Amino acid sequence: MSNSKTPLLDMYRTMLTIRRFEERCNYLFMQGRIPSTLHLYIGQEAVATGVCAHLRPDDYLLSTHRPHGHAIAKGVAPRAIMAELFAKSTGCCKAKGGSMHVGDVNVGMFPAIAIVGANIPIAAGVGLAARRLGTDRVAVCFFGDGAANEGAFHEGLNMAAIWDLPVVYVCENNLYAASTPFPLAFKIENVADRAAAYGMPGVVVDGNDVEAVYQVAGEAIDRARQGEGPTLIECKTYRLCGHSRSDPRTYRSQEEETAWAAKDPIPRLAERLKEKGLATDETLTAIEQEVTALIDEAVAFAEESPPPEPTDALKHVF
Amino acid sequence: MSNSKTPLLDMYRTMLTIRRFEERCNYLFMQGRIPSTLHLYIGQEAVATGVCAHLRPDDYLLSTHRPHGHAIAKGVAPRAIMAELFAKSTGCCKAKGGSMHVGDVNVGMFPAIAIVGANIPIAAGVGLAARRLGTDRVAVCFFGDGAANEGAFHEGLNMAAIWDLPVVYVCENNLYAASTPFPLAFKIENVADRAAAYGMPGVVVDGNDVEAVYQVAGEAIDRARQGEGPTLIECKTYRLCGHSRSDPRTYRSQEEETAWAAKDPIPRLAERLKEKGLATDETLTAIEQEVTALIDEAVAFAEESPPPEPTDALKHVF
Amino acid sequence: MAKMSIAEALRQAIREEMARDPRVFCLGEDIGIKGGFGGAFTVTLGLSDEFGHERILDTPISEIGIAGVAIGAAMAGLRPIADVQYGDFLFCMMDQLANQAAKMTYMSGGTVKVPMVMRAPVGATGRGAQHAQSLEAFFTHIPGLKVLAPSTAYDAKGLLKSAVRDDNPVLIFEHKLLYGSKGPRSERGALSPIGEVPDEEYLVPIGKGVIRREGTDVTIVGKLLTVYRALAAAEELAQDGIETEVIDPRTLVPLDKELILESVRKTGRLVIVEEDNLTGGWAADIAAIVAEEAFFWLDAPIKRVSAPDTPAPFAPVMEQFYVPGEERVVEAVKSLF
Amino acid sequence: MAKMSIAEALRQAIREEMARDPRVFCLGEDIGIKGGFGGAFTVTLGLSDEFGHERILDTPISEIGIAGVAIGAAMAGLRPIADVQYGDFLFCMMDQLANQAAKMTYMSGGTVKVPMVMRAPVGATGRGAQHAQSLEAFFTHIPGLKVLAPSTAYDAKGLLKSAVRDDNPVLIFEHKLLYGSKGPRSERGALSPIGEVPDEEYLVPIGKGVIRREGTDVTIVGKLLTVYRALAAAEELAQDGIETEVIDPRTLVPLDKELILESVRKTGRLVIVEEDNLTGGWAADIAAIVAEEAFFWLDAPIKRVSAPDTPAPFAPVMEQFYVPGEERVVEAVKSLF
């Protein structure tokens, strides 16, 4: 876990892929080429990336209504996600799921769960299976600050704790649950402070600093893998976009948005890479082009894919 | 709240009333004269008594599947409780509720709630109403250690905390949830330690020492009444009886039971009263006779009361 | 008479009831934040400016807590109007609604009342399986709850006002495609019926259905969105000479059973249309009532037109197949002749 | 052949499945504590001695957690058998069952399976409104769940074994008065049918009903306890010359619809008996199916014999009125002639 081994450039590529993927989604959505609603992850890319950089394809991930970033970081093919958003039969859920339920079990990501907090006890069960089946797999469960006020959070964390399950709980505290600011819903400073209520370690980390996230997540994932039980990690971050589709964000101040825009994790990492001599402007431009090509391809794939048959609705109930 | 004002003798009478009431219930149940099931409160009397000694009739109480002690301490007439247990039309719930739902709103006790933990958010709502209606009423919510692992606990305590509601949460930690010992369900020492997760004060107290309970509860109730918000009080106690009806208690050791029997709150208080010169053996015998008469009367009332009509089942849905 | 959408009518009802009775208040997620949404479908938009944040109470994401607080507040003298952002989340508070709110009055022998309202948007709108369900059937099956399903602005306002004044827990189901929510919260494919609403105060009584169209040959019972599907089908059927009576019960519990039975006694044929899944749906109950109480007047089998027994699919093409459309209603009616 | 109670038959099924497949395990409250109850009705009594506490996993009182852990474990390769102490507590985990377990396979486009079993005791047994409900109807209305309701020891064992091997979430409803639980966990007023169970291994297929008694004049469909009420009524009716066919579907989802339809086509009369509340009950669905698919064979209205639309009352005299008894079944049948 020493910084010298940190795959910073890979993480940059992942973060940029997530960012460009979502910007494209937003554009396509505004154009009416993607139906439904979207919860974008723009601004929080360092969290998914720093955590998932430690995961093997056979490790598990449980996600939320805001899952695109998690999916890309865990290795779900962007084209399969894009096709799902386009409601095409080639989508990662065969167009049964949609934006809020993307996933691909072949790379360890279950369909995302859009009931806030409901993935938390499920992750405990996944961890239980990983252990009982004699593997050293780990389950990572992402959720927002808002989710920490659900009963499911409480029951799930306690069960993971008492049974020392190999689960890492990652709370992405982006300061808002939809329009609700954190202090309106909590009388405490940090979600991670709740870990003590379960006898579980809790850590707060700057969620816009991918190196910091990587460090903290690595320790927690190691602990889990070695049978030492779960951790609650709180990543302080901010979404640099609306809660869902055309949210005007009038519940946030201009100053706050500007202050956080200055902490955007992607330029911040770009600087670090250059500082450390791990990349030049040219490297970064090359990555940018690579990512654009990937996303162009994903969109082309999605557009060319056939829609499902109406009667496909009847399949896959059991 | 100074000890000199502590109504110790009254509390003794209340505790003894609860004890004798329940012993009688158990006897009647074994004889088949009371139907259904019973969750007795024997051994925990100091908790309900020490807390409720501070309450006014217009304060509120929310209870559980083990409610007889709370009801008596809050001032529900023993005859009305007994008649309810006998399934008579004169019961405090007109025989609609039964043992697990006794209550009487005229003295501030809502029907007890037998879904573990479900009374916790409801108590927050009651507290909200007390404040919003401009009263200084307080809501007290009793529950067991087991209830602290319900999602309802989490959501309810958090809401009470963020809104500074006039609620006192009293966890009666009798070391078991049915047959499940505390350490199997918790990786922490004290339920009260969870208060910090909500930014709420948490206190641990010896639940078999009525003076200590009285002291701690008084402070919490004062805080609540003065608009300073909720408290979580954990009373460490033990039920000197089975979980429900004919529980053989084979999941507990003889030694443990014996050790706790030595801490029985009633003889303990009797000693204190004599030590303090507040009672003699004669006083205590007189109280014993008073209580016996009260319970005889309650049983007679229950036995003589008419059962409901079968078709009364159709009443009171709305 | 003013013309307004259902979202506006609901907002007006809340505003009037809150002005009338200081015990009335709203609670829910994102309902009153300054600069926020006014709830998932704008119903409470602006109300916190008028009434303050104590009475338009923003909650954490805690559905058990929302229901529990509403129940407790109602038991102790307030009259809460709570909401969930999507009806699907009612399952998160199911114990509170089914075991607590619905049973408290009964368990207390009638001494405790729970005068609360719970509002819930229903219907499939392209969001996938967890934001799409029609929940009515579950709640009509819980004695102790009243269940409303307004399909017009007039009824939405009048029924919500009645619900607030009722001494019992009342659930109101609102269809997302009927709200007519505006701005960023508007819905694609919405029907958004704009209705006339009297300027003077009025109530719509709980328990009274209406005939939306008179007819002699067949009775169609619909609710919420499917009332409109039924009316559209009736138009089409009229061209084939089939005169359809369309009934909108408006209140599901208590049900205006007689209105339906009378209609069937007249027409001899019954089709029930709902957006919910077939098995165990509300339509089954209507069919069962008629099969028992108007059996001898029936000239043909009773037909249910419902969603199939699957979760709601995401893709619009599949969702359109899933949600019963006008054509399926027409076909069902024709099969009875 | 061995004779045993339903509780014993369920225990044997669990024991055999756990021995057969190391992925199978149980979780729930108070199921495996040494010296404890073996669950609320003794079904898992002694199993932790045989299989250890890892596989008979005692949980905190956390119904959301129990369901969530079962779902997650099933998604990742185990085959959990979870339980609640009383069916009423299913409402506490309703989101997990209805929104997660039931929809996961569908939302994943068929790539994820959730092979879990959830056991739940139902029925009114003198404990009041929160420990009495019959929950079947709610769950038959959730696509993606299979729902079983065994009424004999043979079926209980064979269906539970099939459920464990099914790749989908399966709910099993068990009636408290049929368990035959012994010792301190025995029930007053229990029927406790002792049944024959083969010594050799067998499965009862999910989706196949049985005719419990053949008859030509009227069909009665019951489930769980009401199968016995129906059989008792049939005896009495036989004395009046009415030959009753009694059907026990055993599986509610998927339903052996043809068995019921065939019977009704033969008898022309249908009565459905269930312990659940009338409005929105499972009986409504059976009535609706028959009113659509066997309408022309019906000679009389379809009757439902159910509990009234009230919570379960505490007092035994009221509870007896509430739970449909044999006399109400007899009366309903006679009203059809």
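Residue numbering begins at 1 within each chain, and the chains themselves are lettered A, B, C and D in the order written.
Here, a contact is a pair of C-beta atoms (placed from the backbone, for glycine too) under 8 Å apart; a residue touches a chain by one contact, two chains touch by 3 or more.
In this text the structure is predicted, and so the values were computed from the model without any measurement.
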Query raised in the report: Among the other chains, which touch chain A and chain D together?
Result: B, C
Query raised in the report: Most remote chain relative to chain C, going by C-alpha centroids?
Result: B
Query raised in the report: How far is the middle of chain A from the middle of chain C, if each middle is the mean of its Cα atoms, in Å?
Result: 36
Query raised in the report: Using the average of all C-alpha atoms in each chain as its centre, how far is it in Å between chain A and chain B?
Result: 46
Report summary line: When centres are defined as mean Cα positions, the distance from chain B to chain C in whole Å is 40
Report summary line: Among all residues of chain B, those touching at least two other chains are 93, 95-97, 101, 113, 115, 149-152, 154-155, 158, 162, 184-186, 317
Query - Per-residue multi-chain contacts in chain D, two or more chains - result: 59-60, 62-65, 88-89, 92, 95, 99, 106-107, 128-130, 143-144, 308-311, 313-314
Query raised in the report: If each chain is a node and each touching pair an edge, is that a line, ring, star, complete or other?
Result: complete
Requested in this report: Write out the stretch or stretches of chain C touching chain B in their complex.
Outcome: 23, 25, 54, 59-60, 62-65, 67-78, 80, 95-96, 99-100, 104-112, 143-144, 146, 167-168
Report summary line: Residue positions on chain C within touch of chain A in the complex are 29-30, 33-37, 58-65, 88-89, 92, 126-131, 184, 188, 308-311, 313-322
Report summary line: chain C partner, complex, touching residues on chain B are 60, 62, 91-97, 101, 103-106, 110-111, 113, 115, 118, 120-130, 132-133, 139, 151-152, 154-156, 158-159, 162, 315-318
Query raised in the report: Which of the residues in chain A end up touching chain C in this complex?
Result: 35-37, 84, 87-88, 93, 95-101, 113-117, 146-147, 149-151, 177-181, 184-186, 245-252, 307-314, 317
Query raised in the report: In the complex formed with chain B, which residues of chain A make contact?
Result: 149-155, 158, 161-162, 184-188, 193-194, 196-200
